[in-house]
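See below for the structure under consideration.
As written, the chain order gives the labels A, B, C, D and E, with residue 1 at the start of each chain.
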Amino acid sequence: MGPINWQTCFFFLMAAIACGAAIAVVISSNIVRMACWLVLSLAAVAGLFFLTGAEFLGAVQLMVYVGGTMVLLIFGVMLTARGPFVSMKIGAAQWVVAVIAAGALLTVLLQAAFGTFGQTQGKPIAAAGSSRELAASGNDVADAASYSPLGLGLIGVRIDRLAERDHVLRGGMSGYLLPFEIISVHLVVVLVGAAYLARARRRMVPRHWRGGEQPSGVED
Amino acid sequence: MNAEAIRDRLHQPFGPWLVGSDFAAIDPWIEVRSEGLSEIGRYLREDPDLAFDMLHCITAVDYFQPDEKKAAQVEWQPHVELIYHLSSTVHHHRLVLKARLPRWKDDKPGQMPEAPTVSNVWSTAEWHEREVFDLMGVRFVGNRDMRRILCPEDWVGHPLRKDYEMPTEYHGIQAR
Amino acid sequence: MVSMTELLTLLPLPSWIVLTIAGAIQAALLLVVALCSAVIFIWLERKVSARIQDRLGPTRVGGRFGWLQPPADGIKLLLKEDLIPAAADRALYRLAPYISFCATFCVFLALPFAAGWVALQLNVAAFFVLAVAGLEVFGVILGGYSSGSKWSLYGAMREAAQVISYEIPLALCVVVVVLLAGTMDLVEIGRQQEGWLWNWNIFNPFAFVTFWVYCTCALANTNRAPFDLPEAESELVAGFLTEYSGFRWVYFFMGEYAAMFAVSGLGAILFLGGWNGPVPVSQWLGLSVDPHGLGAWIDAAGNWATAHIGIHEHVCFAAWLGNLLGMCNFVIKAVLGATCMIWVRWTMPRLRIDQVMTTCLKYCVPIASAMIAGVLVWSFVFPSGVVAYVTAQLRPAIEHREAAPPKAPAKKTATKSTARTIPRGELGEGGGAGRSLLVYGTEEVER
Amino acid sequence: MLTERMDPETLEFDVRTDEMLINMGPQHPSTHGVLRLVLRTDGEIVTEVTPHIGYLHRCAEKIGENLTPRQFLPYTDRLDYLAAMNMNLGWSLAVEKLLGIRVSEKTRHLRVVIAELNRIANHLVAAGCYGLDLGSFTPFTWTFREREKILNLFEEVCGARLTYSYITPGGVTADLPPGWLDRCEAFLKQFEPVIGDLHAILTNNKIFIERTAGVGVLTPAMALDYGVTGPNLRGSGVDWDLRRDGEPIYTEMYEGYTWRIIAPVNGRYPDDHPYPAIPKEAVVGDSWHRYFVRMLEVVQSMDLIRQGMEKYLRAAGEVDKPIDVKKKLPKGEAYLETEAPKGQMGFMIIGDGSPIPWRVRLRSSSFCNLSVMGQLCRGVLVADVPSIGGSLDLVLGEIDR
Amino acid sequence: MSIFCEPVGLSHYLVVSAILFVCGVLCMTTKRNVLGVLMGIELVLNGANLNFMAFGSPAICGTSTLGLDGQLIALFVIVLAAAEAAVALAIALNYYHTHATVDVDRGNELKG
């Protein structure tokens, strides 16, 4: 029967949670329940990231995606989930059409997935699965700690390529500095847009007038 | 400025409305007709020499003796009396203003007597008038929301009237 | 440094069972730490608040100091009937307390109690702690929403707004220390603060200011003291906790007190030198991996004893003792931090929601960002961890480059580097090859 | 005018959150007693507050028409149960005014000492509960510890700790027990440092100032218009105190005492005693000033007590005994207002020759103070409503009568 | 118990991301609530992220041709998803404000 590889066990556990929650999101009609299942699914995906040694990515997923975006969504749900909008059902006909389309897409993707089964068989990570073992397993990555190579990749020094002798693979030494700058500019634009869309409405009761004098009817 | 000087001061603009006065009483008072209450009140407040800016309280007294034996010795006719206690923080003088109302509006039992409001002169009058209406039943014309303030909204009767009987039960709660 | 897993491999069991046992023991230990910290802090809060208010606090329950009070509370709450309001969304109502407690419990995974004593040695430990601390807000939002009452929804919304807006300055404060230490691995940060008192991070001028900003944000993040808006008794009765009773309520409170321990523990590691005491006693006594003096004697005695009972591997007791001393330091600092939180709670009135937001956006975030800039300048003027770490990265590649034939392919320099090379002497950092140090530019690499 | 439909022009792009009607009370930790406030809130901002009272209404005025004045005295304790002595004093003076009798000088000084001691107890409760409303629990325990000592003194005098019925029409039920004055002096001496602590933990506390300064500003005109009296009126800068400006029968009690009215006249308090600096955010008439007037009145009352004790010792003769229970009341009306700790408490009796009065009228100070709350709480945040309510120092026994 | 023994290969991850992707598409198509559609988008993005990470991870994919590129791209996707969610939510709330409903089908008039 051979020793149980905990790595695989946890993978199947996390995968089951992620897919189960995703399916539950589709099935449930109550918007709040959907949001909770989605949070669970994203957390399971973060677990998968941790499993494969991409710790920095897992932490970013937990913090930015689950901690930020999902809370934003839940705020949206709370603001609008009043009365009838909580659970809205759609006709059975639309369901049938959607399921057929989704089924076709799924078969195509699964066929592609199993196509790659033979070629790239990953090196089994040692039981503990932590990045230290990863380093010891012979990859010539300068330091398995995933965040410093990532960070340096973002600012243009591809240290994981320094030791590479193959000329083709050494290409792209400038790393991701350009996309990094574009992303930051993009985020600033989004911030300004969001601020404009959600700016505070003008107040009928002026803030400085805190009760006391009669309202002058003029607002600031 | 004692009550007599105030009465003389009021005589000129509101002569016909002044009904009587008693300056020998413990709290000297002036009686006016109930219709002129709001005008006299405004005058008392706006006039710089009088400047009655503080209305202490509005009291309603029900002069009615339910049992006949005592009713005979009493020298007054059944009526409801409104008493306004005023004072001025500027001149430090005090005044008691009285007005006499019939117990029932044009003497039909069940019709509550009415009086003009002074809540537009002193804002504190709004709650005091609501309390007088709640406990004595005097409606004040012109008060913004003439509702009961102390008793529950659906209470029947006005407790401070002399001919008021305590209800035996209220929403199933036995009173006696 | 012998770790528990290796010790367990001595047992005649297949390896995967051994791993399960090791995992289970670590999880159990951490759960005990989290629960005990909650129980102790409940008792500590009663005693400290009593002292502040001129009264004695619990004295009759079990002995003079009333130390049986927390178990008594626990039993009382266990017996209380925890009812679910009719308008409640039943499933979410039950789920909420567990989410908020688990989120706080996960923080303990990455907190190192001593040099090697950490459940999960992540190299993104600081970042992981921040990420998981952010999840606690879900439990509160779900709790507030699913209780069905208008008041609890109000409380939940206030809490969510407050915790999220205070995550940003908290993250900035942690970034300051990470810049100072050069790594996010809490064990490494702790190790860099070894030695005397002044090696602690708090004695860096910028980190000192950041410490106070961190305290404010920590208070706000765990909803305590002047920032406890959601449970504002005077306005919202008990915020989102109004409908909870019995053991579900205990979960929320266990979560809050455990969060208090976690946040003050994190503060202790980042700023107050974690397990390093003000005076380097363990170094004097030689209680480290290569023991000398007293440490060597203990080691010899220990191994002599283990040899008798048949274990012939070298088990270094000295290091274990040094770590025990370190853990006591860490726990004392965390408890001191929690006591300050309790002390502040019972003296300060509560802030209004807009004042809470202004302190966050107008005071905490600008100061924290200024401190980041300050630390950056500091690390260039007096280089410390950051620079050393980067060069450590590049060192194997540089040697490799020298060995390879000097056919240097045309390589465009990535960044117009403004930094300059710093002679070795100026470096405060021990270790590292005795060559002139590369700072952040690639032209050095080509030479 | 405020609640009419908001015209769309002034409102730009906004997220329309529908308004909530929130019930604060009648069981609510921060309303002092059974008061129900209905808040119309739009998100966090309160646009309208309507108080609902009457939960504690016992119609004491109807009971007054069936009892002789001395039998009615215990009912006056239950009006403002935190300052029962001052209520008794007001009722006794009103009855004495109707009967036209004047008590001896020794009794008057005794009444001053007892009334001012009860004023300190009331202001301690006000400060403690105000700290509780704003979230800090500790001042509450300190103030109640000191109040217990005052209640011990009252227990020695009249046997009761809350509803005393001690000052009766015609005099007082019993003279002071021996050694009481020294114990009272000892209490005053150990009470001075506690005031310093209270200033440290509340008055000068940055967060306390932020929560109260500039909140619920009550202009003098609006205060007089709504009949607000007592520390709330003085907090708005109106220099009006019945102990100096009241009716002669009441002001003669305070003749020969050197004291000054505590009111921020053009921004400054009478500096016969050192007081902490006024923060720059504080506006005359806001919650902070109302609270601060009460804290300074505690010091003023301590002076009055010390002077009253000396005069009581020097006054000759005996303390007057109360009037006969079934004493016949002359025909006529008598209305008298006294300066109770919470404001001006008015009592009116109409006698018709029999020992039982024809009509009794009770003018409550908190009744008018509460009426101004609707105006003060427009456009404030939800967290400010208990802050403003706490600063007005309301007690529901007196409002509902 | 045999499948629990072999190490995890690339195809395992691809299957999981495919399922996530399909659930996302299904969610986007069948939900009438604007926020439901938003959640569908989040699921789709997560499926893609998983793929990027799987191909970019030296442990799973053996020869690290892409090296850390996969994780970097996943990083960018997460950051952009946050920005996208912010703007999408602002639009959804304003839609709720103008149409007083979050029902996607009602948004059929081409103005406002």
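FYI, a residue touches a chain if its C-beta (ideal position, glycine included) is under 8 Å from a C-beta of that chain, and two chains touch if they have at least 3 such contacts.
Just so you know, these numbers come straight off a predicted model, no measurement behind them.
Undergrad: Average the CA atoms of each chain to get its centre, and name the chain whose centre is farthest from that of chain C.
TA: B
Undergrad: Using only alpha carbons, which chain's centroid is the nearest to the whole structure's centroid?
TA: Chain closest to the assembly's C-alpha mean: C.
Undergrad: Measuring centre to centre with C-alpha atoms, which chain is farthest from chain D?
TA: Centroid comparison gives E as the farthest chain from chain D.
Undergrad: For this structure, which two chains have more C-beta pairs in contact than any other pair?
TA: A-E
Undergrad: Could you put a whole-Å number on the gap between the CA centroids of chain D and chain E?
TA: The computed centroid separation for chain D versus chain E comes out at 64 Å.
Undergrad: Go ahead and note the Å separation of the Cα centroids belonging to chain B and chain C.
TA: Averaging C-alpha atoms per chain gives centres 71 Å apart.
Undergrad: In whole angstrom, what separates the CA-based centres of chain B and chain D?
TA: 26
Undergrad: Which positions in chain E touch two or more other chains at once?
TA: Within chain E, residues 93-94, 96 contact more than one other chain.
Undergrad: So in the complex, the part of chain D that touches chain B is made up of which residues?
TA: Spelled out, the residues of chain D in touch with chain B are 53-54, 57, 59, 61-62, 97-98, 100, 222, 224-227, 238, 240, 245, 247, 332-335, 337, 344, 346, 348, 350, 358-359, 361, 363, 367-368, 371, 400-401.
Undergrad: So in the complex, which bits of chain A are touching chain E?
TA: So the residues of chain A touching chain E come out as 1-5, 7-9, 11-12, 15, 18-19, 22-23, 25-26, 31, 34-35, 38, 41-42, 45, 48-49, 52-54, 56-57, 60-61, 64-65, 68-70, 72-73, 75-77, 79-80, 85, 88-90, 94-95, 98-99, 101-102, 105-106, 109-110, 112-114, 116-117, 120-125, 134, 139, 141, 146, 149-150, 153-154, 158, 160-161, 169, 176, 179, 183, 186-187, 190, 193-194, 197-198.
Undergrad: Would you mind writing out the residues of chain C in touch with chain D in their complex?
TA: 49, 52-55, 150-151, 154, 226, 228-229, 232-237, 346-355
Undergrad: Can you list the residues on chain C that touch chain A in the complex?
TA: Residues in contact with chain A: 5, 14-16, 19-20, 89, 91-92, 95, 120-124, 127-128, 130-132, 134-135, 137-138, 141-142, 145-146, 153, 157, 160, 164, 167, 184-185, 389-390, 393-394, 396-397, 400-401, 404, 409, 411-412, 414-415, 442, 445.
Undergrad: In the complex formed with chain D, which residues of chain B make contact?
TA: Listed in rising order, the residues are 25-27, 29, 53-57, 59, 61-62, 83, 85, 89, 92, 94, 96, 122-124, 126-127, 131, 135, 148-152, 159-160.
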